[in-house]
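There are structures below to look over.
What follows is chain A paired twice: with chain B in the first complex and chain C in the second.
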Partner chain A sequence: MTPLLAVRGLTVRYGPPGRGRPAVDGVDLTVEAGEIVAVVGESGSGKSTLAHALAGLLPDTARVTGGVVTFGGERVDGLRERAWRRLRGRRIAFVPQDPGTALNPLMTVRAQLAEALRLTGTPRPGEDALEEALGRVGIPDPAALLDRYPHQLSGGFRQRVLLGMALAGRPALLIADEPTSALDTMVQKTVLDLVQKVAARDGTSVLLITHDLGVAADRADRVAVMTEGRVVEEGPADRVLGSPRAAYTRLLLRSAPQPLTGPAPAPGEPLLVVRDLRKVYPGGTIAVEGASFTLDRASTLGLVGASGSGKSTIARVVTGLVEPTSGSVLLDGAPVRAGRVQFVAQNPYASLDPLMSVGRIVAEPLRALRAGTRAERRERVLRLLEDVGLPPEVARRRPSALSGGQRQRVAIARALAPSPDVIVLDEPVSALDTVTQAQILALLRRLQDKHGMAYLLISHDLAVVAAAAERLAVMRDGRIVESGPTADVLAAPAAPFTRELLAAIPGGPRRGG
Partner chain B sequence: MTFMRRLGVVPSALVLLAASAAALAPGLLSPADPLRGDLTQRLLPPGTAHPFGTDELGRDVFTRVVHGSAPSLQAAVIAVGVAVLAGSAIGLVAGTARGRLDGLVMRAVEVLLAVPSFLLILVVVAVLGPGTREVALAVGVSAAAVFSRVMRAEVVRVRGSGYVEAAAVCGTGRVTVLLTHVLPNAAGPVAALATLELGNAVLTVAAVSFLGFGAPPPAPEWGSLVAAGRPFLASAWWLTTVPGLVVAAVALAVNHLGHVLRTRSETR
Partner chain C sequence: MGRFVARRLAQAAAVVLAVYTLTFAVFYLLPADPVRIMIGPENGVDEARVSALRAEYGLDRPAAERYIGGLLHALHGDFGTSFQTGREVGATIAEAAPRTLALAGGALLLALPLGFLIAWWAAHTRRMWLRRSLGALPGLSLSVPTFWLGLVLLQAFSFGLPLFPARAEDGLAGLVLPAVTLAVPSSAFVAQVLLERLTVEMRQPYVDTARAKGASRARAVTAHALRNAAMPALTMTALLVGWLVSGSVVVETVFARNGLGRLIESAVTTRDLPMLQALVVVTTAVVTLLTLAVDVAHPLVDPRLRERAA
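Take a look at the complex of A and B:
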């Protein structure tokens, strides 16, 4: 039997001919009917270009320069846009990466869904057809959702609406490009459950593009690992993840965060004490409701919770960006003084001033505290860059010349500059690839051993927190529902919410043993 | 393609170069006196001796156009300078303060925008009296409102960015954050708008001077040259057409170069 989708030697290039290496370089891939195939790779590995090429959605700057793609036995490479439009939405569906931008903000869900249904051949979709399309993707009350605008929906629901639109025509193949990387772990689980369920029910094949090996391990029948435009390993999920042959697959597997094991640390000397913190934003939204925790000297406390649980508000209160409504934040028994608590933000692309050189960025806290002369500051910047594993010449460059991981290192160097007692890390690795993530976590551990500061590590990803923090606190709806040594909480979670979080970690049981 | 596009810049650059040279060193291009005429040489059409012809008093039009570029261009540059400085300052204050002050300032700016700009210019000139500098100020004031709105929007955007937050955690003072982070990052669109506005200002200054509010005669200015040639439209077309074409060429050249610079900075 011919496979549903067969790709042979597909090569895609960007820019003028003959320059640079291709983004997709001679890729072979097969998707059988009803099968879920995961393509795993870092950003820049060419996996998104591959997904776009297979959906006929390549930008004008890209060209397919070689290879054969057959879908349902017919060649689809080199199809014209008109022919693609007949195929796309009906036989091949595409779910994009970012549900935040993929829906038209000025159109209701009804209008966008109706448009999708019209394209699949229902000229005037009735109310029940629209509701059925949403019901199929597990939306509990479709009628109420139809007249909402995208901004009134959470990320998970937006992604479900997109999925509903994609699946409305009962396509034979669903191409999902990082469908959950913009969502937190819990929502990711529900969305992926849904994809799997719908695929099994309708016999739809799924090509799942992801950077997360755990996701691939949980969901896929077969896995292809991509790096630098090539597929370096391909096979059944169990075989690829259980006994990987390619060195790159092994590196990916090694980089997955491993929970800290070993005995619970002895209680140390309390450094940062937060008592009964409460923050009500103007308008009455209660972000944090009576949170209390203690951070010991030279230790790491992980704060885990879904988005909207109030963990970022705690980060902002501790760093002094936001005044608490009530409650106290004491460092060594006194209010926090300037420079002693520093901050590393989630998005390294936004947290560095694009017009400043890296040297000036790292020196900023020193300038603010008027520490040392200009020459001393320059000397200190070079030492800090060395500390975070960056070469000294980076000091003269602009952030735009650096990769995401390098930028996050710069942000860490800046936080280190005034020798703080506490560094608040707000989702420090969630914008980074698995391999870079592991490097940054290792760097943070090394810096803590060397300089002895404490970390408050905030993340939605329990796996990351468990890999870096000796103690953790779990937040839900502004309250801390559980806290304790990481190993204890993981072994015997007391709160039901913690158990849900644990279950949502992709690839969990496989990694644990 | 890129080569052709680069080639297209050359005429604009030449026009602008010639205009700047005329403004900075008029004597170099045309050593004659723009005010002194030779009555035996009245209303001569363009020829070898007088490339742009002569006017009703026998003055060389080329000389007058060359000597008129300094006040005309100066007025345009001053106008844009006034607009950028005043507009940015207003926008910076409004965007930083937010709240009631922001509302108050921006509503005032909207009132300014609601008045037709030419009317506003005439009112300011009527209050200040005629003269090149007065016209420049009037044009600048009328353009400031747009700059203040762009600046405010940029300030609001940049203030919410991660690096401004990071600077606050570093302990950097508010004024320093404003000067080192907010202003430089907000300046891009304002600079782009300024290049666009310069071409516009050349036109507006010429228009106001055409109406007789610029430098008093006999001093040459592009706009007043066109006005002075009007009675001879039927018999001596060059008196109005040549200065008019010069204004159009300079405005086009400035706009074109501004556009090229803008697209280049955006794609980078």
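Take a look at the complex of A and C:
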């Protein structure tokens, strides 16, 4: 039987011909009917370009320069736009990466879903057709959702609507480009469960693009590992993850966060004490309700919870960016003085001023605190860059010249500059690839050993927190529902919510095994 | 929504008041004497005549009284009498305004579809040379001086091919060439702003989603990207109306039409301060109201703003 999708030697280039390395470089890939195939790779590996090429959605700057692609036995490489339009939606569906931007913000769910149905052969979709399409993707009350706008929905529901639209035409192949990387672990699990369920029910094949080996391991029948535009390893999921042959696959596996082991930490010397913290935003939203915790000197406390659980508000209150409604934050028994608590934000692409040089960015807290002379500050910046593993010439560059991992190193150097007692890390690695993530977590550990500051590590990913924090606190709906030494909490979670979080970690049993 | 509109109205009123105050200060409070400015240095100074004129225009009264009085009258459409003609400023403007309004309206009617068409086509086509050429058009037409374009059009379609009258005060035929002259740079403004936004919007994931559903490229541009890109172009259009008034100074001169442009020109050359002040304030009021209308329209288009405005 011919496979549903067969890709042989596919090559895609950006920009003028003959220049640079192709983004997709001679890729072979097969997807059988009803099969889930995962393509795993870092950002820049070409996996997203591959996904777009297979859906006929390459940007105008990219061209297929080689290879043969057959879909359902017919060649589809080099198809004209008109022919692609007959395939898209009806035979090949595509779900883009970020549910936050993948729906038209000006149109209701109804309008966008009706468009999908109209374009795939239901000329006048009635109320029942619309509701059925949403019901199929597990939306409990479709009628209530139809007249909402995308911004009124949570990330998980937006992704369901996108899936519902993609599946409206009963396609044979669903291409999902990192469908859950913008969602937190719990929502990721529900969305991926749904994809698996629908695929099994309708016999739809799925090409799942992901950077997370755990996701691939859990969901895929077969896995292809991609780096630098090439597939370096391909095979059944169990085989690729169980006995990887390519060096790069082994590196990916090694980089997956491993929970800290060893004896529970001895009670340390309390440094940051937060008592009965409450934060109500104007409009009455209660973000944090009675949160208390203690951060010991030179230790790491992990704060884990779903998006909207209030953990980012705590980060902002502790850093002094937001005033608490009530409660106290004491550092060494006194209110926090300027510069003693520093902050590393989630998105290293947005947290660095694009017009400033890296040197100025790192020196900024020192200038703000009027510390040292110009020459001393310059000297200190170079030492800080060395500390975070960046060469001194980076000081003259702009953030745009750096990779995501390098940018996060710059943000850490900036936080380090005034020699703070505490650094608040708000999802410091969630925007980074697995390998880079492991490097940054190792760097943070090294810096803590060297300088002895404490970290408050905030993440939705329990695996990341478990790999970096000796103690952790679990948050839900503004409250801390469980806290204790990491090893104890993981071994015997007391709160049901913690158990749910644990179960949602992709690649669960494989990780740390 | 009501409070949002009320706040914007108050802001608009404040802008117009500020412009009135500023023109009053510049024209009447600076040490230069408005009557002497009006008479001009070329005429000998006859002190008796200066004080007579000053009394005639009420310039001998205290500044505060003139400011408040002028403001109250202006609210009723009374901007005083012209230094030059002795006629009522309000009536003169009301007489000239319709012709300029027809000109500006005609220019906008041509410019908006043209600007949208250029931007739409450039965003839609996948031929790189065509996209680049269309993208270069706005810059090109903006760098053509309006008076030159007007003269070329006159030469070609009035004197060369006698299709349109060279001077025509009224009627549609006389409106065509001047409106085209103004529409060319106006469409460029619209196309430039719209295309820039469209280019950004076309790269948004929701456009991929639309095309993945099976929508054609034309539909992706028209039904999805264009709506998201339209707002800056609409704001631009409101500002464009202010630009059209100043553009009419040149065009009405080239085509010998009487309108606000000619009025501005003559008020400047004859140093007719009441007339100038009224023209500035009225133009400001029109542009501010149009900007306000666009601001109020934003939430109608964008549901995210609707909630913030509520």
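Remarks
As a convention for this text, the second predicted complex is superposed on the first by the 512 of 513 C-alpha atoms of A that agree within 3 Å, B and C clash if a C-alpha of one lies under 4 Å from a C-alpha of the other, contacts with A are read in each partner's own complex, and residues count from 1 in each chain.
By our rule, a contact is a pair of C-beta atoms (placed from the backbone, for glycine too) under 8 Å apart; a residue touches a chain by one contact, two chains touch by 3 or more.
Worth saying up front: this structure is predicted, and the values here are computed from it rather than measured.
The superposed arrangement places chain B and chain C in clashing positions on chain A.
The wider contact with chain A, measured as residues touched, comes from C rather than the other of chain B and chain C. In the superposed model, A:Arg90 makes contact with chain C only, not with chain B.
Of the two partner chains placed by the overlay, neither chain B nor chain C lies in contact with A:Leu432. Look at A:Gln342: by the touch rule set out above, it reaches chain B but stays clear of chain C. In the superposition on chain A, A:Asp60 contacts chain C only, with no contact to chain B. With both structures placed on the common chain, the touch criterion links A:Leu369 to chain B but leaves chain C unconnected. Of the two partner chains, chain C is the only one that A:Ala102 touches; chain B does not reach it. Overlay on chain A, chain B versus chain C, candidates 113-121, 131-139 or 167-175: the clashing stretch is 113-121. Those residues of chain B whose C-beta lies close enough to touch chain A in the complex are 161-163, 165-173, 176, 180-181, 184-185. Residues 126, 128, 203-206, 208-217, 223-224, 227-228, 301-304 of chain C are the ones that touch chain A when the two sit in their complex.
Residues of chain A touching chain C in their complex: 52, 55, 57, 59-60, 81, 85-86, 88-90, 93-98, 101-107, 112, 115-116, 119-120, 149, 151, 162, 165-166, 168-169. Across the interface of their complex, chain B is touched by residues 319-321, 338-339, 341-343, 345, 347, 350-356, 361, 364-365, 367-369, 411, 414, 418 of chain A.
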